[in-house]
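Chain nomenclature is as follows: A, B, C and D, assigned in order of appearance, with residue numbering initiated at 1 for each chain independently.
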Amino acid sequence: MTTLLLATVGAILTLCVYSFLYKDNPFYKFAEHLVVGVSAGYYLVIYTFNFIVPNVTDPVFTLNLGGEAIRLGGLDWWMALAPGLLGLLLYTRFFPKIAWIGRWPLGIYVGGYAGLGISPVMQARVINQLRAGATPLAGTPDPFANMTNVCLGLVIFIAVTYLLLVKRQLGARNTGAKVGIVALAALVGYGGYVALSALSGAGVVNLTNVMLVVGLLGTLTYFFFSMRHTGVLGVLARIGIVFLMVGFGASFGYTVMSRISLLIGRVGFLIDWVGMFFS
Amino acid sequence: MRRQLPLALCFIFGVFTAIQYYVPHFRVQWFQERLLQWLMTLLAFAFLLGTVSLIKVHYHKLRDRAPDRGFSLVVFAGLFTMIGLGFIHPDHHAPGSPFNQMFLNVQVPIEATMFSLLAFYVASAAFRAFRARTLEATLLLIAAAIVMLGRVPIGDLISPKIPEATRWILEVPNLTAKRGVMIGVGLGMMATALKIMLGIERAWMGGSD
Amino acid sequence: MSWYDWLLGIDRRWIFLTIAIAVVIPFFAPLGLPVVVTPPVQNLYDAVEALEPDGKPLLLSIDYTPATSPELEPMSSGVLRHAFRKDIPVIVMTLHPAGYGMAESAILAAAEEFGKEYGEDYVFLGFQPGTSAVILGLGVNIRTVFPEDAYGTPLSELPVMEGIRNYDDVSLLITFAGWSAAEAWIYYAHQPSGQIVGAGVTAVMATDYYPYLDAGQLVGLLGGMRGAAEYERLIDRPDAGARGMDSQSVIHLIIILLIVLGNAAYFASRRARRLAQARGEI
Amino acid sequence: MGHDRGRLRGARFVTGFVAGTLAAAALVVCAATLSAQEPIEPAVPESLAAPELLAVPTGVQVEDTPNDRGASVNVTWELSADDESLRFEGYRVYRSAHPETGFVFAGRAGRGATTYRDSEAPNNEPVYYRVAVGDAEGGEAFSATSDAVTASPQWFNDDRVNVLIAVFIFVVAIVYFVNAARGGKELFIRRLAGLDEVDNAVGRATEMGKPILYISGLSTISDVATIAAINILGEVAKRTAEYNTRLIVPCADPIVMAVEQEVVKEAYAKVGRPDSYNEDDVFYLTRSQFAYVAGVNGIMVRQRPATILYMGMFFAESLVLAETGASVGAIQIAGTDAVTQLPFFITSCDYTLIGEELYAASAYLSREPVLLGGLKGQDTLKFIIGVLIVITVIVATLAATGAISNDFMTPLFITH
């Protein structure tokens, strides 16, 4: 019975939120305000009991640090008292005259986290990625060779079509000429594909890795701020943005899945709830 | 005292947490562990600040007879119920505790449902904003469409080339682009962190002087 | 009114309705589409498969919250079932307060299915706050981070925890997380201690983790419901992951159709406008 | 005059830097002398002797674990001949201060294991190890005693020298260019399309008489993206204060809220409108991700902001926010370093700052020379990285084709 009741509460709130898809309405407003209040209370309670109680009040007042007794006035005791005092200093904000004292704990907080990040970021985000990015351009097997070559063939095809058709406006009047140019471009593109396949097949060059390196340099160039993106820099930055967009597209496609999974989860919940009335 | 001291604290603690990365000695690591606890504890103290702000905003709505002020009472009801239950029954995660029940049956369903709205919004964004206006936008939507097909069984059914192309997109252009962003963002993160420590970025104190 | 104007001006609530219908139908009429296994999933499976029965325990950090559980719960169930089937001792913990209930229900269900005994075959350590501090702490001594398990029993009284002090005594670590916990495990467990780490993340996050996979910082990766469905196929026990794949397929097709329609209407209207402009009507 | 002042400030900056470093070093020393946590004493010894013993492991080697916090010893051995035996129950490692007696259990390792890391050894005292094999009947057979080994903590982790060098170069680059900028050197910054729109967007909101909504992400201030967002908020607030446009800032983190209240108040004071600042407009909503979204969605549909800015760290909520924002017809400008959320902002917002551009934004908006100097320093590092990529790729290619050996590259990339 309780299960059904609790599930019903959850189901009704679920429907309240879904009503927002139609338009803003009092049911949604109710659910919205309720969850803001409940979750704010939830986090206040959880953080108080998980941090302030075990790290400050327990050791300072009951001399109990993680289940072990500590000495009043000892090192552990002071180490527990310090964050408590710093935390209280935050509340000076409520008194405008001394509000500036609140910056002391903030300084420790901000500075402490700032310093913490520098070296691990250098290691994980820069050095390790640099190491992984050092891929040989030849002499290694290339499992993606075919796809890379197809892609490069397509790039050649599009480039030729663009140059002949759009840039020079050759086929603006004549449909036959247009078709001919596209066919020519397709032929050139296919030729490129065959030639590149022969190259990578012979192990002369690992085109996938070439692409990885060029893409990496391009993306980095895009994030150059102190120089104008012209000349070589402009070309590289343009390549970079192309890679970025393909990467973002991939993220988007991937993400869609997650979102639908969530919806499936909720729909499953509602269906189970309806089922409860019939079982 | 008003500006120098917080900046000095910021610098000293920043340099300490930066240096400890290279010092495995237990005496330094011991203090480092304590310091991490301090930081989390400070955040815990700040939750009261936030909660007071929330209460103030809604109290002002009630006082000023703002439209929809009735819902401010709903906020209070939720907030004080949770705080009350949380302090009366400190065993928060016990399966039957009222605090946990409120969490599981009020907060969780609403949040999960909010989250699942994304499925609808993804569809409407795809229809509304996915336009092949420029080369970049076209690439984005083609990559998205291929990956979307390649990650579900139906892609395998249409053509085995689609999952292959998906893998290629994920592991060649996507990988290298993400790596570039990662390096760039890494540098930006380090630079910002450094500038905070050195007192160059001091917006966190309010104002830049 | 032309078809493209109608289409461009369509109320988005019709799209919402289409999605709602598409997600509900496979619940009642499953399609049962086949799933192909990808290398990152295979690698994680192999890593678990290579573990010794009754050897060093597998550490599972079930860090997801209710919000991401539809994607991640099928994964953790899959890995738990795999481990229990192979009689690998399992230690479960969580880095997120909301992960507590998630972890507990996942492990209880799997333990019941395989008749596993608490304390002998698996243990649930519960939640400790402070993500990076917890992960670093586990590298030094599990007992200082978790003096007792989730139910207040000291670790010394649990047979499965005997001789387990830090990462040196743990074979493989797998984290299931819909937030940056997986990255934290890489930074603070893999980097300093060399702990082998595998991850199950949401489909969104998966692309971000490819560089880590590529750089060898992750042994294997499950991405989203699809990853779960693949794992279910590897352990030969289709469940929620496989079921979700049907709805996924249908909705993905609809979204692609929407992109195509949206673009068709956009280009048709642009073309019409240009023609009108050329005729001097505007 | 200005030049001299710049130089003077530069000098003060350097002095401050040195003084602060010394203070931090003092903190390290204090921490070191204060703390007195000694390793825990080992547990109870176990009984010996049993019938039909298994073959013992041989070649037991010990070494102090390098680059550790102390109290740790690496023990290695060669597999027991009975490692595969059905009766085999695992290796047990014992430790003693005496080579003959007093061995206490230190830990265990499973079948096929040849290493064990003891992390409870006493510091700076020689100890000896034996490795035993246990059998199903509870019997144990001991290996020969190892050589003496002394566990000791290290003051420097030499596995991280490469990281230290890289960080050092980085710090030098940033400090150099910041100082150059202080000295009055002109620095160029390329256009960031989204940010040029900020002024227009504020103007538009003013014309329409509608508020501006500023969302600074859902992370804490420990996230660098949040700091960037706070810096940008300062610049945006100056503009809204000038135009007297309402600026609404709902926060998801209480510390971020406290800081943002300061920042906005300061910005209003700076343009001479301290009275226009309303503290209720910079407020805490909730820490909870989707409860926060529910609240912000409500604000969007009811207040109908003309402009919405999303700056900072975002998670899955990005699209719900941005699509709701689009549905109320707001101009939207986003900026985040959360790669997973960028595609959503790119599709549903009018302008998006990608990754590092977010960090550059506060320098771009404020045009403060010191901030621009920092950017120049970052670019220098990026250039060095680009060169390194080219070099390492060439070396890797030569190595893969067998032209050279690439062993000398390894030290650059050791990772621990």
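Odds and ends about this structure:
What we mean here is this: a residue touches a chain if its C-beta (ideal position, glycine included) is under 8 Å from a C-beta of that chain, and two chains touch if they have at least 3 such contacts.
If you're wondering where the values come from, they're calculated on a predicted model, not measured in any experiment.
With every chain reduced to the mean of its CA atoms, the largest distance from chain C is reached by D. Among the pairs A-B and B-D, the greater number of C-beta contacts is found at A-B.
Separating the centre of chain A from that of chain B, both taken as means of CA atoms, is a distance of 10 Å.
If you average the CA atoms of chain A and of chain C, the two centres end up 15 Å from each other. If each chain is reduced to the centroid of its CA atoms, chain C and chain D end up 23 Å from each other.
In chain D, the residues that reach two or more other chains under the touch definition are 34-35, 69, 160, 163-164, 167, 170, 221-222, 224, 227, 255, 258-259, 284-291, 294, 302, 316, 319, 339-340, 343-344, 346-347, 354-356, 360, 375, 378, 382, 385, 415. Counting only residues that touch two or more partner chains, chain A has 17, 20-21, 29, 31-33, 35-36, 38-40, 42-43, 46-47, 50-51, 90, 93, 106, 109-110, 113-114, 116-120, 122-124, 126, 128-133, 213, 216, 220, 222-223, 244, 247-252, 254-260, 262-263, 265-266.
Shared contact sites, meaning residues of chain C that touch two or more other chains, fall at 12, 16, 19, 23, 67-68, 97, 129, 191, 202-204, 207-208, 211, 214, 224, 226, 248, 251-252, 255. Listed in rising order, the residues of chain D touching chain A in the complex are 34-36, 160, 162-164, 166-167, 170, 187-190, 221-222, 224, 227, 255, 258-259, 284-288, 290-292, 294-295, 297-298, 301-302, 316, 319, 339-340, 342-344, 346-347, 354-357, 360, 372, 375-376, 378-379, 382, 385-386, 388-390, 392-393, 395-397, 399-402, 409, 412-413, 415.
Interface residues of chain A facing chain D in the complex, by the touch rule stated above, are 17, 20, 24, 28-29, 31-33, 35-36, 38-40, 42-43, 75, 90, 93, 102, 106, 109-110, 113-114, 116-119, 122-123, 126-128, 130-131, 133-140, 213, 216-217, 220-229, 244, 247-249, 251-252, 255, 258-259. Within the complex formed with chain B, the residues of chain A that make contact are 6-7, 9-11, 13-14, 16-18, 20-21, 29-52, 55-56, 79, 82-84, 86-88, 90-91, 93-94, 100, 103-122, 124-126, 129-130, 132-133, 144, 147-148, 151, 208, 211-213, 215-216, 218-220, 222-223, 240-257, 259-260, 262-263, 265-266, 269. Contact residues on chain D toward chain C in their complex (touch as defined above): 69, 107-113, 116-117, 119-120, 289-290, 315-316, 327, 339-340, 415-416.
Chain contact summary for the complex, chain B toward chain A: residues 1-3, 5-19, 21-22, 34-35, 37-52, 54, 68, 71-72, 74-83, 86-87, 90, 92, 99, 101-120, 122, 135-137, 139-148, 150-152, 164-187, 189-190, 192-194, 196-197, 204-205.
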